[in-house]
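A, B, C and D label the chains in the order they appear, each numbered from 1.
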Amino acid sequence: MIETNGKLRHNRLIILRSDLSAKAVRQKGRKLIEFERVAHSYSGGELFNEVSLRLAPGSFHFLTGPSGSGKTTFLKLCYGALVPSSGVVRIFDDDVRQMSRDDIALARRRVGVVHQDCQFLDHLTLRENLALPLTVSGHEALDDDANLKELMGWVGLTSRADALPPELSGGERQRAALARALIMSPDVILADEPTGNVDWEMSQRLLTLLIELNRMGKTIMIATHDLGLIRAAKNHVQARVLRISGRRLQLAGADL
Amino acid sequence: MSVLRSVIDFAIGDAQAEKAVPPTGFTVRLTVFSAAAMAFLVVFALALSLAAGRLADRWSDELARSATVRISAPAAQMAAQTEAALNVLRTTEGVESARALSLEEQRALLAPWFGPELPLDALQLPQMIEVIETASGFDGDGLRLRLAGEVPGAVLDNHARWRGPLVSAASSLRLLGWVSIVLIALATGAMITLAANAALAANAQVIAVMRLVGARDSYIAQAFMRRFTLRALAGAAGGTLFGAFALLLLPSASEEGGFLTGLGLQGAHWFLLILIPILAAVVAFLATRLAAHNTLRSLT
Amino acid sequence: MSVLRSVIDFAIGDAQAEKAVPPTGFTVRLTVFSAAAMAFLVVFALALSLAAGRLADRWSDELARSATVRISAPAAQMAAQTEAALNVLRTTEGVESARALSLEEQRALLAPWFGPELPLDALQLPQMIEVIETASGFDGDGLRLRLAGEVPGAVLDNHARWRGPLVSAASSLRLLGWVSIVLIALATGAMITLAANAALAANAQVIAVMRLVGARDSYIAQAFMRRFTLRALAGAAGGTLFGAFALLLLPSASEEGGFLTGLGLQGAHWFLLILIPILAAVVAFLATRLAAHNTLRSLT
Amino acid sequence: MIETNGKLRHNRLIILRSDLSAKAVRQKGRKLIEFERVAHSYSGGELFNEVSLRLAPGSFHFLTGPSGSGKTTFLKLCYGALVPSSGVVRIFDDDVRQMSRDDIALARRRVGVVHQDCQFLDHLTLRENLALPLTVSGHEALDDDANLKELMGWVGLTSRADALPPELSGGERQRAALARALIMSPDVILADEPTGNVDWEMSQRLLTLLIELNRMGKTIMIATHDLGLIRAAKNHVQARVLRISGRRLQLAGADL
């Protein structure tokens, strides 16, 4: 199912660029994302509290919990879309509270996010949408073209490259969102329910891609309710499973 | 220099950034259209103001500020009374100059009534004194009283006064024109601000996606600002051209021909029109900037 | 009756349906604002037109349409030549009436120049004939030629003609006013159409959800139409009130006082103002209707 | 997990109103949705062809197939959001091609649809959104209030009744979309991936609700890639599983 040639070529390209960002990480110290006694509540009430966590470089995390327990909220705290109600969140060693809007924009170029509701620019083609992170950060489009093509092949969207997002199926949108999150070869990948709308085979394929990236040193966190996916991953990678339950973030036992 | 540089950079723009804003939006068309319509109206209001201004100047200069004093007296006292009246007039506030008319001038004045062959010598004609008022004018009743006291044979006739209302009419017309221009400019600014806000609200998803993939505020704002500024510039330029063309179709403005018949612009005033699109672009730039930064601040 | 009924139904509306449209949209505010601004400008344009119209009427009636024929002849021929001149004038196209002035009238005319004590009997005064033109006026040069042929001592003086340009100026001012009103109305219509289109484009999701749950087109369109029509009505009413208030602050218009000083409205003309918001509402209704049905047709 | 009392009350209410629509169905003959040699293609190419199918009243269908195979397209054909490229689709005995826009709007009041991308009116509260189908068809809100409350309890959204849709989590939105589709007690329920974003327990709960409705005579079609869900359903209801594969609609074997 997975062509080894393609995989290698893809990896090489990603490594090429990730050298740069890896250096940046080293200069900044070894911390990527750090929670310190974090609590968050919306107007409705507190979702969780006393959450302390450090995402070490190269780690692989799953985040589970019932619907409405706060998985998406947790991820939003990770990429600065929310500021915690109390406690401290640090992204690349900077306290989110102290970061300017531009700082957050720059940090996001090193964090690939797959939103639960995948949104795109509906007037641009899929290809242009996938290249958007590059465009926005001022990269030359040309030199990333091979990378883009390969990524599209991986997520099975090559034939839809010129379609507009409203013409995509639900699963296609989800795969496109994952591809867009990966195109900048970010240090951290946060994916919110990235396989909710794809069939089992495709979800295995996407998982393999994420595991490959993790092997290359990327830090990965996936919020999902799909226990089958977690079980499948555990066969290939040392993944920690976090569970939000009873307003606490807990490490899930070996029962998964 | 660096201002010019950044204006040029802005106009050239970042093609990539602008692509992020959906190409056809009704809000953009709305901006083009309102800029054009407003520019068109401004051209007319401007022409009206300038023509009314010219009119007011001419009338007040040439006509409104003259009056006559007529002295009827026995021949022997005529010279003395004339001199006395001129003295009174010279010391009256609001009188710029006073001058006794010569016989020839009086004959010319009377020609419409008696023909040029009037036997003036046979007549005991009154002496006429032409009075030129200052801009503020004199107090007619006060002057009449003083003349009655000092020059028994003098009669003040400030008949030309009837043009006063005309002059003030022309002035208020000019004021109306300028008020309209200011109003239209304000309305245009407000409309472009609202259109920009509407565009940003309609493109909330675009902005959210851009933020998500790491675009800076200035990058996003720039795309919108450029779009709206250039569209306002284009719309206003079109409207101004159209308005100027319409003005050319009106009977032309000439110094001699009539008072208000020519509503057109004269000479250097045509260059004022160039300011209209430039001002529209500046208004659009500032309005969009404000709207964009307000919208962006509400997003994470 | 049934029209009134449906207008009332429309105004009362379906509170539920209207709730479906998001309450604060910049496009709605844009509609209120442009309706208000435009109504304000229309009030002024209307006042300008009406005042210019009054002015043109008065000037052309009272002043512009009179001329004088002066007959200087030996006493013996005076009566005959006067009669001949009157005959010529009666058969001239463009002359409404012609009348020889009495001695008393001529004395009154000359009073400003010579005082009332002028010894008219001692003078060989020319006879004056007052000529009233029709609206279209006569051909001055042609009349002069005919008089020269038939009445050697007659001189035509259509000095009052100098007011002609003024009258045409006032007329063109009135025309300008009406043209502005039409332009502003068109611009308002276009703006509301565009604003409605922008609102519908921005609310594509709302419309899609409504269609999904089984709402009919008319139900959805109604919600938008009602919103925009009422907002345009409110905006225009506000703008008109504001404009009327501003007019009241201007020097008031009176029949006797001056020509154009009073830009205000007179009597029944104030009621014209009520038409402005009504027309704005009608324009908004039709514009939104068009926009809504266009947008809906593109959705399944 | 499922309170029997609540269920009964809910059913009673639903039956009350469904009497009316059941009568309408009988008058119209017994056909709900019928495909006759239907083919559909977008600009990109043909998705499927020669599809003939009749949804009998009270039937329970699953629709599967890989991502991008045309499941959503198929459902859209069922509720008149798309007109087939060739062949005939009949909704309540009317040819979709011949139906006016108002006819389609009226037909939709008898078809409950759960979209894959759940969209709501973002300025109305959840409660108002769920009541929207009633509002739009001119029902008095009051008399449906009990029904609405019960439905919200079933999908676990009682505490979020006054939240605005953008404040809901992904799973909450999906459950809300299902509740909105059921509020009118429609004859036919079409659900596109209704459990993609909810955890296993919640998906069982939602399935139970749909099975209950089916037992009361509702016709149900669920597009899903979640084979676990299909297997779970098969224990409780006689469901037919349709699969789109190779541009054909096939009946899946007993291998599920």
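FYI, a contact is a pair of C-beta atoms (placed from the backbone, for glycine too) under 8 Å apart; a residue touches a chain by one contact, two chains touch by 3 or more.
Because the structure is predicted, anything quoted here is derived from the model rather than measured.
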item: Where chain C and chain D overlap in contact partners, by chain label; value: none
item: Touching both chain A and chain D (chains); value: none
item: Chain separated most widely from chain D, comparing mean CA positions; value: B
item: Centroid spacing, where centroids are CA-atom means, of chain A and chain C in whole angstrom; value: 68
item: Rounded Å distance between chain A and chain B, as computed from the means of their C-alpha atoms; value: 63
item: Separation of mean Cα positions, chain C and chain B [Å, integer]; value: 21
item: Touch-based graph of the chains, sorted into line, ring, star, complete or other; value: ring
item: Chains touching one another, given as label pairs in label order; value: A-B, A-D, B-C, C-D
item: Of chain B, residues touching chain A in the complex; value: 16, 19-20, 22-23, 205-206, 208-219, 296, 300
item: Contact set on chain D toward chain C in their complex; value: 80-82, 101-102, 104-109, 113, 115, 119-124, 128, 132-133, 135-137, 180, 184
item: Interface residues, chain B side, partner chain C - complex; value: 25-27, 29-30, 33-34, 37-38, 40-41, 44, 48, 68, 70, 72, 109-110, 112-115, 117, 119, 122-126, 128, 155, 157, 159, 164-166, 168-170, 172-173, 176, 180, 183-184, 186-187, 190-191, 194-195, 197-199, 201-202, 250-251, 257-261, 263
item: Of all residues in chain D, those that touch chain A in their complex; value: 42, 44, 64-68, 71-72, 116-117, 156, 159-160, 163, 167, 169-172, 175, 192-193, 196-202, 225, 227-228
